[in-house]
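Structures are listed in the sections that come next.
Next, two complexes with subunit A in common: one pairs it with subunit B, the other with subunit C.
Take a look at the complex of A and B:
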């Protein structure tokens, strides 16, 4: 469902998918197979900031409206408010205990129902969320909506009529991809430098619309999402293994190279 | 080259001070602050923290290395600060506590304190520019004529222009009354200004299009001393009535100081009207009539009181990041064996395990938190004044006087403690702390200006004992002593706080003894005994106040702790708060108690030693 067949000269309506995640910059501790919640703080997932920035840049160029959508408990409202403070026009918060424990597919199902409630031209998401690093939700949503997907976008080169050109880093170099709108893009962190929320933006956020929805509002059967509907299960969490101490080399580059090569060949036996 | 970012801030601690002890929520429930929610306040803290960390933090060492240079085109400040200046204003951080009628956000000043703390922690030298500009804007919005507000106020608030505060002259430092800068009336009501000023922060820079100098000068024929000084608005470039820039106003920077720290902040000598072409305008307009022109000092004080609170805030910011850097280092630096457990697997233990290092960390932590409590306590009073203004005008007057009692205490105590904390941080780092690889040495150099500018701490002590003690017939200082005494009495009934309440009671008794002794000195014509003990008096009062407020915080922490899992991180945080209060009361408050004895003893040695006795073969 699209806002209009050809928005050229018209407006571009963008939906940004965002997630409120554990702040991984803090010391995340794992005990008895799960993450210790004590002392945990939450932030807006970093690639989602890139997605928001991209949406705001497009809005500046083409007008239109930017809507941010999140799924999560009460506390997730903080990331939505932050998105509004950065300049997003409208927030949608799906807050329902039955969404808890969703896997990527569960989130995609909920989002599919949510985004189709209003016309849109483009959906932007982070290339993965900072907590699970799965990167599944965006592609799955594109599939459910049957719209084109460009993942891991590093540049949005042009938006022209019903088409958008995006660059992504592929194995063989930069790929230039053209898609018809509506489409879904996921953002790499080199896509842009996300703006910080300004003081004025923070103060203006409270006057922006924020919609809070439950699964019932979206006519979603709770059994198909959340832990109940998940096709995958996290069996156990393990803390990352501590890295062994590194080795520091000092001196002129040529000497260091020789020394390191020697070690790689003779000690690590890397070259057979 | 990407720069290491040493900026550190303990948001949890700031939230404790703001929301738990000094109850920002209560302020936000009353007009004129009730348009801001607690959620917004928390977001403001987080985003300011991010600005300070991501944008300002990486500029600390580069701006220090590059410094400021005088060139034929004027002063060049470190290039890296240009972008930061524009971003700071784009984000509107200066407008946080500015009244809504001036185009600000109208937040409580209490909320602006942690934000300023963060900015000065990230880069003190940078923060001097917007802080002064904000002060100038406040004077113009508060006292300026409608045209001055329209022409100058707005551009200062957008950062298009910057502002300075111009008092010091080569022969007029602490004694501003010796100023010789002259103002001669022009026929159009403006003045022709001539004179030389020195040490003017931000006196010239290359990031603002224009600079608005607020300067003290003496109108021809006016009285001698500070009484005869008037306050002038002197633009660097003349401004046309439509707001566009005209020709240069004959204000020339003749020198930029080489100095110990805050290298990113341009300290300028300025020559006004060397070619007879410098025009100044009386603040509030008016012409050469004596009545309009007088009271320049009082007007400047509007800015200076504010500036003194800001300087304390700057000191706290730097001290706090210095402490947190030392803390982090102490957890990673391996050295020496544990006094009981030995060397352990790594062959050495983290230095935080050594009792003497723990002592230094505790000394820093409790000073930082004590000063933070002092600052927030005083700022909260300011906001209560704004709330009361509508309902209880008489209460406003009393509270305002009480507030003013604390200004010299705050300025001097927090800046002195700030330097001590920065010095301890260097010590925790050991040799590394003395090198430029770590930020500790810069924190020490930068913070060393704070006990000097905005009135030296010696002058603050004079203001406290010479003026504030006697104000309202001594009622203010008695109110202070009663407030702490009452708290000590309630604390007595708290099991587990016997030592603390005992020490606080002794400190208050000592304080009262000194006040009585001061009356004797004054009656016996021994004013010099008051003057020679002004600084120790201020220190005594500062320690007493910090101990009192930390103990109040400890009781809040005790209540919160009762609900928590003992080993949870929240519980550890609260136990840290209690430790700060206990450590301060048991280790620093005794200094106040000892000072009370020495002050009351009226030792005149420093007065009686003959000048030649100081030697250097007089």
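Take a look at the complex of A and C:
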């Protein structure tokens, strides 16, 4: 099902998928196989900020409307408000307890129903979310929508009529990809430098439209999403292994170099 | 009772935190060392619209309250920017308050949008070498001559006078002998910092090297009558109006310094191993830090309460002064304990904590000392005889 706004040199309507995630830069503690929720703080997943920034840049160049969509509990509204403060026009918040425990496929199913309610030209997402690092939702959504996907985009080079050219970094160099719109792109963090929200933006955000939806509003069967509809199950969380203490070398540079090289080659075997 | 910040206040706090995180400890250390004004930081605040946070919307501000201003000032200092970060933007954010409240329509239209957008920097010229905290006895004179005043006198400790183009100046327009109370006969001007008539000499000082403080020698400065704020002779009263919110902001700034010092100390105490274990495993290292955390929490509650009272139109002299007292004392104590925790490294410039310590000390001295706050509380709250 292709939903296409009338973009013939006109407006470009962009949907940005964002996620409110555990702030992994603070201490994440794991106890009894799950993450300790007490005292946890949440942030907008960092690659999603790149996606928002890209959408806003496109909006500046082509006009049109940018809509941010998130799935999550009440607190996820914070990331939506942040997106609005950065300059996004409209927020859509799918807030339904039955979405809890969704895997990437579940999220993709919900999003597919959500984004097709209005015409769009482009969907942007982060290349992965900062909490799970899974990176599945964007590609799965593209599949469900039957639209082209360009993953891990480092540059959006051109939007011309119904075509978009994006660059992605592969192992062997840069790939220049052309897609027909509508398409879904996932953002690498080198795509851009996300802007900070200005005070004016924060003040303006509270007057922007924010739609709050349940699964019923989207006519989604709760059994197909959330923990109930998940094909995968996280059975346990384990804390990362503590880093071993470093080693200090003292002495004349020539001697230490020899010693360190010896250890790197023979003990750490870093030169294969 | 509701201790929750609004969504908007949370957003304000987190965005300013992010903005400030672009200016790290090394940035501030370098500015401190080279005694250069943090222009980049100032511009970033200007671009984000933050300088206008407490300015009315009709003059290009955001029309927020002192609560929001306090939140951002705390973030500015807590980033490691300390008093230098606060003083870089403080005058634009709040220093022009007498103009906002008592300025004429023309004055406000001419200057407030420029202050809110950062186009002009303002110095605050009150303190004098001979009179110190006894402000009403200041010696600088302004004598009316037709359509202007002629000002002569000396000011001391005037911050940002090296970079400011405007000055908010307090001078005596009616001699002390001719007024019934010393608080009368003082007038407030908002005028050009005319370097031909004001000799500005920087003072070499202990901390906050990035933001200059100066001695001002004012010799025959001509101030047009249009630059008088409100009525002649009422300047001191106009200043008093802005005192409570000023105390609240300085309190928030002090807490930010305490927070960053504590953060660095706790981090160091976890990592530094002597006698075969992290120093932070010793209770005599832990307890002072934990105690400071508790005190900073208490100070923050007092700051937010005073700010809430001010924003909701309640008299808050006692709370604002108490907040300043507790926050400045506690902020410095936290910085001092942090320095102690780092031992010899705390004394080295490289670890930044000595800079926090030097800058936390400032808020125990200026704009008001703890002694004078206790005098105020004793007199106004406890009803004891006035001691000063």
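The rule is short, and it goes like this: the second predicted complex is superposed on the first by the 244 of 272 C-alpha atoms of A that agree within 3 Å, B and C clash if a C-alpha of one lies under 4 Å from a C-alpha of the other, contacts with A are read in each partner's own complex, and residues count from 1 in each chain.
Rule of thumb we're sticking to: a residue touches a chain if its C-beta (ideal position, glycine included) is under 8 Å from a C-beta of that chain, and two chains touch if they have at least 3 such contacts.
Just so it is clear, the structure is predicted and the values come from calculations on it, not from any experiment.
Colleague: Fit or clash for subunit B plus subunit C once both are placed on subunit A?
Modeller: clash
Colleague: Determine, under the contact definition given at the top, whether A:82 touches first (subunit B), second (subunit C), both, or neither.
Modeller: both
Colleague: Is A:38 contacted by the first partner subunit B, the second partner subunit C, both or neither?
Modeller: Only subunit B; A:38 stays clear of subunit C.
Colleague: Which partner does A:199 contact after superposing on A: first (subunit B), second (subunit C), both, neither?
Modeller: In the superposed model, A:199 contacts both subunit B and subunit C.
Colleague: Examine A:57 and indicate which partner it touches, taking first as subunit B and second as subunit C; both and neither are also allowed.
Modeller: neither
Colleague: Of the listed stretches 37-45, 235-243 or 487-495, mark the one in subunit B with C-alpha atoms clashing against subunit C.
Modeller: 37-45
Colleague: Give me the intersection of subunit A's contacts with subunit B and its contacts with subunit C, in residue numbers.
Modeller: Touching subunit B in the first complex and subunit C in the second, residues 78, 81-82, 85, 196-200, 202-203, 205-206 of subunit A appear in both lists.
Colleague: Okay, in this complex, where on subunit A does subunit B touch?
Modeller: 38-39, 78, 81-82, 85, 196-200, 202-203, 205-206
Colleague: Give every residue of subunit C touching subunit A within the complex, in rising order.
Modeller: 7-8, 10-12, 14-15, 18-19, 47-50, 52-53, 62
Colleague: Note which residues of subunit A are touching subunit C in the complex, please.
Modeller: 77-78, 81-82, 85, 196-200, 202-203, 205-206
Colleague: Please output the residues of subunit B touching subunit A within their complex, sorted ascending.
Modeller: Result: residues 36-37, 39-40, 43-44, 47, 50-51, 54-55, 90-93, 95-96, 105, 565, 568-570 of subunit B touch subunit A.
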